Amino acid sequence: MNTQPGVFTGALKMDEVPIMQLRARLKSEIGDGNRLGLLTAADGADGHQLLTLIIQTQSGGVSLLNSPLPHDAVSYASLTPDLPQAHWFEREIADLWGIRPVGHPRLKSLVMHDSYPTDLFPLAEHVTAATARKRSRRAPYRFTVVQGNGVFEVPVGPVHAGIIEPGHFRFSCLGEVIENLEIRLGFVHRGLEERLTRCDWRMMNYLVEAASSDTAAANATAHAFAMENLCSVPAAPDVRKMRYACIEIERAACHIGDLVGICTDLGFGAGGTAFSALRGDVLGVAELLTGTRFMTSVIVPFAHKYMPAKPLLIEATRRLRTCSSQLRSILPLLLNNGAAIERMEGMGDIKTSLARDFGLVGPAGRASGIAYDVRKVIAQPEYEQVEWQPPTYFEGDVFARTRVRAEEAIVAMELAADMVSRITSSHEPDSSPATLPANSVGVGIVEAWRGELIHLVMTDSHGRVSRYKIKDPSFNNWTALSIAVRGRLLSDFPLCNKSFGLSYSGTDL
Amino acid sequence: MLPSLLNYLKSPRCTADEIFPDLSAANRGLPAITSAPCTHGEGCTLCADGCPTKAIELPTDEKPEVALDLGKCVGCGHCMRVCPTKTIVTSRSTRTAVKRREDLVLRAGRPTLNVDAAHSPFKQSVVVRYVSTGDNATDLEVAACTNPIFDASRFGIHFTASPRFADVLLVAGPAPLAMQEPLCQTLHAMGQPRVIIAVGAQAISGGMFCGGYANANGVSSVLQPDVWVPGNPPHPWMILHGLLLAMGHPLALHT
Amino acid sequence: MSRISLVGLAVTVLESIIMPFLLVGILRSCRSRLQKRRGPRVVQPLYDFLRLARKQTVLSDETGPIFKNAPVVSLTAYGLVALVVPWAGLPAPISADLILFVFLLAAARMATGLAAMDTSTAFGGMGASRESALSIFVEPTLVLALSAVAIYQGSPWLNALIATPVSTGGSAYVLPLAVAAIWICAAAETARMPIEDPVTHLELTMIHEAQLLEYSGPRLALMEYQAGLKLTVYYGLIAQMLINEIVIKTPITRWAATTTIMFCLVVLAAIIDTVLVRLHWRKLPDLLAFGLAFSLVACLLAALKG
Amino acid sequence: MHLEILIFIICTWVLAGLVPILAPQNKGDSTSAALLITSSIGIMLVAGAAINRSFLVTVHTQFCLAGIGPAFRFDWLCGWFLGVVAICTIAVALYAPSYMRHLRHEANARIFWVSLVILVAAMCGVITAANAITFVVCWEAMAVSSAMLVFTNHKERTTRTTGLIYLAATRISTLFVAGSFFWLHAITHSWDFTAWHVTGSLAMWPAILLVIGLVVKAGCWPFHLWLPAAHPAAPAPVSALMSGVMVKTAIYTLIRIFLVDHAIQSPVASYVLVIFGLITAFWGVIFTFLQRDLKRLLAYSTVENVGVITCAIGVSLIATQMGLAQIGMSLEIAALFGVLSHALFKSTLFLAAGAVDITADCHDIDKLGGLGRRMPHTMLCTLTAGASFCALPPLAGFATEWLLLHGCLQLALASHQPSLRMGALLLLGWLALVGALSMATCIRFIGVVFLGRARSLKAERARECGPTMRVGIAIPAVLSVAAGLLAPVITRFLAGLICPAHPTLFWTLPTGQLVILMFAGGGIMAMWLAYRDKGMPLLSVPAWACGGGISARMQTTGESFAQPLARLFGAIYRYDIEVRFDGSNARLFPDHIEVETHADATMESRVYIPLLRVIQRIGDLIAQLQAGSIHAYLVTMFATLLLLLAAAGYYR
């Protein structure tokens, strides 16, 4: 059963695929150029089941596969050997459910640290005595030890030097040269998915905004779409325009923020100042439209809160256009700067084939020649009113990622200005149902500023949310970072890292 | 590149001159409680019903006034919007940091600021070690404090990589289990005298995460913060207010 | 010691206490202004010093006496440097040659490097390794450039820099070339752009700073003061070479000119810090080799004189 | 009076040699050591006497060769070197008994003590030899006894091969030295050093032969190979003595022949010396930087130091030839001071390395670490010696380096030839480069071995060595501080010896003022820190590892420390890092990652091994001829006959 989450043709149904055939099915589907949207587990009627979301990049459709595990089974044949992009998904499933992917090349804990009880599998609710027995305890985390004389390790994090989120990078180096980078996340695993199933569904939007709070608008939008998809209640056109405008403003602000970061890592003070002043202006527009700099608590399912009045919309359009032209005028500081280009070019490159293997998304994917963009692939009429193309490069280096971000920021501000200018009314609609439909599933997919963001919501027979899964775009991209810096120098890492600009909390949840 | 650089050099200074200005009129701000009588007695529970973090304590017989815990408030604006009696209103002040946790609980007539010009060794100079524990919007706002607009450096505030250099431990995020040990290690790596600041509702109370298996209930389960900065995320001015309050800086003290 | 040298000593000591704070303060203030901020006050470095002096010292449990005493050793070495180099525009209280100067710098470097190795952290060792790698360019450049100047001035003693007017018959390009070479050395030694980003928080990209990450309290205060003193001595030295082109006779005017030039150099450093992009680690040898080349040409010109 | 002391010294030597032979296994060690120390005190007395007034001792015996009997001359130069020998011998003798006890199962103590005594005696002989024959005999005795010492640890296979390399090197050295002496004899018809005054074109070839013979012994590039081969194999006290003193006998001979006696005056030789010296210094230091073996590292650093001293001699010669006698003399003082300072710090370093080796049972620096906490005394001595090695003021190494560099600067100032001026300036730059590199080496060596935390269990178990060993390590270290502080006095003294007519002041640095200010400034700061620490107790916490745990693997290793520079000089080392990813999906999910660095001692791999291969091939060819059939012999004989006939015909 295919559906288009942007258009809402009806409730999303699941295809049941036996677990034994899942690997073959995915191999053929993904081989055809489709994407693995997400892979996760849920509790079914009779034990656990694997859920796989596949995005048809050609038709813009989505299919959800459901593969129940045999009764009391807590292991299955790993998909990763055929499908490298599944490797973190499977590790996450192993952590949260204790379901073991047999034959996984890197089975270590991902989000559940050693500080948690080793027999705690927080999302596994379908526990019989038999499954509890079979589920093995989590092994303590061990870093890969690079062999060889003189290799030493540089631990960076979880308390990082810069003002950024916690994560741990373990560099195995020979002198300045990074021979291997192992990224360990999970420090900010806050049990978000469990919290989402525990709270009132009307309050869920506050929680998803905190999933990765710098992507609040995109998370809230994906959540809103998922809930609307679940209930088959489409959002009003103005509401959708406003949501998209918020996402685009967020995109512009964050990309400009990352340009500040890139300038800082280059040690380029002038650039940093110019971009951070501009970022302040963009956040000012966000404040004007939504009442906060991070556009929180306005995007809710079935409605939009604090719809701004017309004069505000006109003012916001004007300011967005100014910001966009300002960005054009200061971009040469970074992109025509010979010394900066020399630092960025050829640095931390990811080849297209590798990007495809790991299913890179967002600016990092587009810099490596993967043109995938949710806004283009999944039909969204609001985006089709303006002629625009997501920038795509093939070099896959820091410079390509920087250019993608810069160009996306300009496009985003223009798209946002366009959407804001076409909002007609300022009344706050509300079409929220009294209860959620039972045994349903809903999906919301948006292109957040980091890339494809997916929310999946399922209800049980009582109409309660039984499973909520968020797939942050960073989840696909982290491994690429560790490969991009292999063989590079230690001092290049901050720049490479910033060019990917990934979210830790979105990954850890 | 050169014309852009020249343009840049010609551009005016971006640092905001006014210290702790009120938030812009468009901003939703944080709630404040007025002395206007609450109509709870007549069965109004509008504010508490829509509060995602149960931050509002409705009047009871023992405590006849409505109380709002800013430490839990995620700033959704619901209560200020629905309150029929204007007991809960919007405050756009950016001087929101307090030195005692209980001062974050707003009650009618209680001042939001406990002014305390104690002797501080950091009046003119302070170095901050920032630890994020899962609230990256606050990360961005803390980083914004150092940008040319807010320019923390003019107050003698510097951010550092090494906790050995630091006087202030600035913590954001709900401090889930996996971050508690690193957080303690960071604190222990700092010499005396030192100050701990919890910044953001998530750091103060865990926000929406409170109560889960990950123990993401805010930093006070691990450390004893000296200064509390409400907001979700707090505006850079609010964070600066917290920092200046920790420094004992005169700018933070007068209201 | 005669009365004049006593006055010289007093002024030098006083200046080497004040100038490091002042120069660093001006530099930071200028950089902030160029970055369109209000920035810290000029006296901020002094406040920072006083704050650190009052802080508790935190030591790693694996570190030993070397780490504890390295700040004293390296600052003593720099203190001596400040007394043997006529950086303030006055004759140095102690007459010494460029070789003592270079080896005193080396002593400070060794103390810092060993202290960094003593921290038993990855960053410390990394910083020491990087600093050592840079020093093999810096030291020859410094020796060659100063030797060229010595030949040009006709005396191996550093005080000849200010004692004699411009010597006869030398090529006029010796001093500018030496200044260029020493400027590059100074950039490498004082952690300035484009070699090292002085404002970075990122341990992975640090060179000099990475060695100091474990210091705290009064020891850190000494290390930071030392960084300022290093800046002062280098810029003062460059100022002397620049003044030699404009012969200034009386000590007072010479002192005033020196101080002015030092302030100008600091402003220049602030501009460079703002507009340049940090070089890639593998490109640093190229830049430093330029310094070496400048000093070699200076030597050649000095050798060809008369 | 002198004769009595000399006889006393010889008697103690004989006794020291006999005791270990006669005593039961390992029982005579301490007695031998005591006797050796006694004799060294005697040597010092003789040295003092010789410095005051030179005298000649000739032994009339029937063991005359070509009518020349053993003759020994004692003058100030001998005195200086004898003093160095005596100091190092005392340190080594104090250190050796405990050290040998640790090696009990691996080394033969009897051979060790006998050879040690012979080595010391032979070195004294070489230094005091008054004529060429005596010199060559002692030179041979020195070579053989030191080879025996290298063999002490004979049970290890590598020791045998390195011992053979060393023997080959000494052979070559003796060959060239003897050749040169014969040549000189042919010119002057005398074996007496004082009778030689060869100048002009005649002097060139003997000078070059002699220089080659001596630099082989001194370990100059490209003949340095035996040094890094022999030292790791030899017991530490032997290394200390060989590196600290024995290589200096070659330096002594250079100074004696070229600078003091002016036996040969050849401008070519001086330039050859400078060039040899410069290349050697650089080569030595860049290879020091790459070594992982504790003693091989120190051996390469000896190569560097020898290079610097050789260079000083060469420049001194050039200056003298240019008529700049004052500068020449100051550079000669630099060389003499260099001999002393190097002997002091290198003995300490080798003895300390030996202490590390036996207490941690490991000489791979990347497996050590944190020894400073366990062996504080050894670390302090190593640090002092290392600082002296890096020429940090105010230690002995600095005095050497200052004299040399200042001499070069003065040369550049005083000379009237632009080329010489430029040459002197380049020399300064080159030496500064070497200095910076040796500093990097020293930080790496001390930092990796003594600082940080232990990288292996062996390093964790290391403990401080015994008291006599510690004293042995400390003596030269303390003396190198003293020599540095007294440098002004010593240089003035040496100037008086070299040129009693014009003992111009050569040390022009105000050391006294500097030292006073140093102690005052450092003291004030240290007191302030102590006061602060007292007011606010130190807080001891684990090292900061960004909020995570820390392990010994998270600190720079020697290999990693060297990587940036190794890459810079990669062409010389042929440096390369190779990474292997293994596993079923090595591209995306490697199971096993292994890193290997490759670096070559280029001289060995590019020159010596091919050369040996050629020699071996020739040998094989000859062997084929000999082991072949009778026909082959017949053909060879016939061919030879024909050749001889042709040759005879041609000459007639």
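Each chain gets a letter, A, B, C and D, in the order it is written, and its residues are counted from 1.
Rule of thumb we're sticking to: contacts are C-beta pairs under 8 Å (C-beta built on N, C-alpha and C of every residue); 3 or more make two chains touch, one makes a residue touch a chain.
Since the model is a prediction, treat every value here as computed from it, not as a measurement.
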Chain pair, C-D or A-B, that carries the greater number of C-beta contacts: C-D
Innermost chain by mean C-alpha position: C
Euclidean distance of C-alpha centroids - chain C vs chain D, Å: 35
Centre distance in Å when chain A and chain B are each reduced to the mean of their C-alpha atoms: 27
Whole-Å gap between the CA centroids of chain B and chain D: 67
Between chain A and chain D, centroid-to-centroid distance (C-alpha), Å: 64
Of all residues in chain D, the ones touching two or more other chains: 536, 539, 541-542, 544-545, 547-548, 550, 554-556, 560-564
Contacts with 2+ other chains: residues of chain B: 5, 9, 11, 14, 131, 148, 159, 161-164, 181-183, 185-186, 189, 191-192
Contacts with 2+ other chains: residues of chain C: 34-37, 55-58, 122, 125-126, 129-130, 201-203, 213-214, 217, 275, 281
Arrangement of touching chains [line / ring / star / complete / other]: complete
Chain C partner contacts - residues on chain B that touch it in the complex: 5, 9, 11-15, 121-122, 124-127, 148, 151, 153-154, 156, 158-162, 164-165, 167, 189-193
In the complex, chain C residues that touch chain D: 53, 55-66, 69, 71-73, 75-76, 79-80, 83-84, 94-100, 102-104, 106-107, 109-110, 113-114, 116-122, 124-126, 128-130, 132-133, 135-136, 138-140, 142-144, 147-148, 150-151, 154-156, 213-214, 217-219, 222, 281, 285, 295-296, 299-300, 302-304
Chain C-facing residues of chain D, complex: 370, 372-373, 376, 383, 387, 390-393, 398, 401-402, 405-406, 409-410, 412-413, 418-419, 421-422, 425-426, 428-430, 432-433, 435-437, 439-440, 442-444, 446-448, 451-453, 509-510, 513-514, 517-518, 521-522, 525-526, 528-529, 532-533, 536-545, 550, 552, 554-556, 560-565, 568
Chain B residues touching chain D - in the complex, by the definition given at the top: 131, 162-164, 181-183, 185-186, 188-189, 191-192
Parts of chain A lying in touch with chain B, wherever the complex brings them together: 113, 115-116, 120, 122, 158-159, 161-166, 186-192, 194-195, 198-199, 203, 206-207, 210, 212-214, 216, 257, 260, 270, 272-274, 276-277, 279-280, 284, 287-289, 291-294, 296-297, 305-306, 312, 329-333, 336-338, 503-505, 508
